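Next up: the structures, one after another.
There are two complexes below, and they share subunit A, which is joined by subunit B in the first and by subunit C in the second.
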Partner chain A sequence: MIRRIIGLSLLIGLFFFMVEAMNEFGVLYNDEARLYFQTNGFLETGSLNLVTGIYLDYRLLDTLFEAGILLVAVSGVSWIAQHDHIEHNPLFMLDRFKIPELFVSIARVLYPIVLLFGIYVVFNGHLAPGGGFQGGSILATALLILYYIDLNKKTNLTRIFFIEKVLYLLLLLISSLSFFTRGFLFTNVVSPDMGVAWQSVFLITLNVLIGAKVALGLTAIFIAFLKEGR
Partner chain B sequence: MNELIALGFQLFMLVTAIAVVFQKNNFTVIILMSVYSLIAATLYMFNQAPDVAIAEVAINAAIIPLIYVIAISRQREIIVYDTLHHGDITPGKVFEGEIYTYLYTFSKKNKLRLNVCSDLEGDDATLIREMNVDFIITKEEETYVLKGKSHHMLMKKMVKELKQHPHIRTELIEEGHDLD
Partner chain C sequence: MNPYVTLIIILVGLYGLISSTNIIKSVFMATMIESGVILLFLNLGTWNGGVIPITSDVSLAIVDPIPQALMITTIVIGSTVTSLALIISIKIFHHHGSIEWKDLKR
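== the complex of A and B ==
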């Protein structure tokens, strides 16, 4: 009991310390970079959503490494976890005792909506909050819900791993194309003089590639977990 | 006003975090964790970071609970391989051996589902290491032999309990390090 009280008081103390720190954070805040992005971000990248402008233009190299880390994680899971060439939905998903009827019926209604919303988030990444990673994970959720609804589902895991690697290579190729058009690596292929409409083509292409890659990677990890064991 | 609402959300988040630590039921823990990340997403929205909020909701409130649900529904079952071909253990049936009564009461006490099968092939070590079988039942003259992994939590419990049963002997199988 005494230990619990001590732990609780420590946690509450930590909480108030963090609230204090957040108040100080506003004072120390350095807004030089924010002002730069606010004034020049849209003109230089062609993206209304400045976050997308940063991760698909100024810091495209970081995004490539992030996608690469996901690729390495998926390859590691596929190497450790045992899986077949074509993976069936396992039998224990049939057990209505573990997966409630309510969840299944609501999932049936939600599945197309979630899928559509994921595609919307991917395609509108440069106009509204969202983008490849977020939309990809929403798409992955939709694909995973399908495993609770459709019990006869089969997945070709080898093909998923292959497509994911090809998408990563395409991502590298398209993002390094700017070396030939503008003279330096890892930025928008289209120069800002040609207009926002042409620049957004590049942004949409990269967002779609990243979204597909993330969705496939997360789905592959989930399926590998399903199979592990008997 | 906004700051007060944010403070209230932070306090609620702290309460959920503590509840996750003290909660015993695994499914409730999953729900509490997704509640925690939903509050975190709301706080991100308060600090004008909608992109981060979307990522938080999509990953921590949707995908991770789905994976955890699968992992936990795996945990609720013990798979027993019966070499004596006695078939399934049902509550209404008269049991032929002491070990079946014991396994039935053990699984009921720990709220696990007992899955007895007798149609597997392979030697004991590969069955336990690769097919995810928890226990194997064999018989030597009058005593039953219960084989299981040496690091298995349930096996450690059983070894303690089975000291009172003279007709059941336990045998531990070391887990292999053949992957290294």
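== the complex of A and C ==
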């Protein structure tokens, strides 16, 4: 009891300390970087969505390592789970009493819509809210819905891992191509002089690669958990 | 959302992390701290207000796009860390038969 009271009072003290620190933040904050991105971001990266412009052009190295971390986590999860590489649909999903018929029917209607919406989000990542990571998550959700619809589904995990590795290598290759065209590593392949339309080709390519990779990675993690849940 | 609410979320997660007796609850509380941090950063980006950063119009005041670009990284890494922690906790349950922290000390 006493220990809990001491802990709570420490947390309340920490809260007031953090509030004090946040009041100073309004003084410390400067918006030079924001103004730079606002004036030069669209012209330099060709992306109307400035967030996409940052993570696919200015900070592309971060994005590459982020995709690498996802690859490492997927291989770690599948190594710890240690499953066979051709995975059947788990038995508890075959139980008709646990899955209502209404859910399966609605899922059949929703599946193409969710898939289409994910593809839309991936392809419009440089013009609208969205991008590779968000669209990839939506696509992974659509693939998980497919698990409920098709109860006799089999998944070849070896092929998923192979495609994911190839996609990561392609991502590294395409993003380092700019060394030969512009002289800098990890930036847009097309120089800003050629126009926004050509620059957006590079952005769409990277978004599609990242989206496919994230969708496959999350699906592989989900399948590993299904195996453990039996 | 008020930025002080995000501090409360982080601190509630911290209290849950130090007081929970269960591995799954600890993982959830770590996820809760991460959500609080994400909301805090997004709030700091909108400190001075503004419209969404999808525009080439220089005259509009936009919110800061840098915290948003950083938080995409945080969300992806947080989900991978959560999945790794959960699969390790499943393996611990298969090995020890329990996911209480006090049973694992023996």
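In this section, the second predicted complex is superposed on the first by the 199 of 230 C-alpha atoms of A that agree within 3 Å, B and C clash if a C-alpha of one lies under 4 Å from a C-alpha of the other, contacts with A are read in each partner's own complex, and residues count from 1 in each chain.
Following the convention adopted for this analysis, a contact is a pair of C-beta atoms (placed from the backbone, for glycine too) under 8 Å apart; a residue touches a chain by one contact, two chains touch by 3 or more.
Worth saying up front: this structure is predicted, and the values here are computed from it rather than measured.
When the two complexes are overlaid on their common chain A, residue A:15 makes contact with subunit B and with subunit C alike.
In the superposed model, C is the one of subunit B and subunit C that contacts more residues of subunit A. Of the two partner chains, neither subunit B nor subunit C is touched by A:183.
Once chain A of one complex is fitted onto chain A of the other, the partner contacts of A:49 extend to both subunit B and subunit C. In the superposed pair of complexes, A:121 makes contact with subunit B only, with no contact to subunit C. In the superposition on chain A, A:66 makes contact with subunit C only, not with subunit B.
Applying the stated contact rule after C-alpha superposition, one finds that A:129 touches each of subunit B and subunit C.
Look at A:226: by the touch rule set out above, it reaches subunit B but stays clear of subunit C. Residues 8, 11, 15, 19, 49, 51, 129, 131, 133-134, 218, 221, 225 of subunit A touch subunit B in one complex and subunit C in the other. Subunit A contributes residues 4, 7-8, 11, 14-15, 18-19, 22, 25-26, 29, 31, 33-34, 37-39, 41-42, 48-51, 53-55, 59, 62-63, 66, 69-70, 73-74, 76-77, 80-81, 127-129, 131, 133-134, 214, 218, 221, 224-225, 228 to its touches with subunit C in the complex.
Partner subunit A is touched in their complex by these residues of subunit C: 3-4, 7-8, 11, 14-15, 18-19, 44, 47-48, 52-56, 58, 62-66, 68-69, 72-73, 75-77, 79-81, 83-84, 86-88, 90-91.
Against subunit B, the residues of subunit A that register as touching in their complex are 8, 11-12, 15, 19, 49, 51, 82, 92, 95, 98-99, 121, 129-131, 133-134, 137-138, 140-141, 144-145, 218, 221-222, 225-226, 229-230. Of all residues in subunit B, those touching subunit A in their complex are 7, 10-11, 14, 18, 50-51, 53-55, 58-59, 62-63, 66-67, 70-71, 73-74, 76-77, 79, 130-133.
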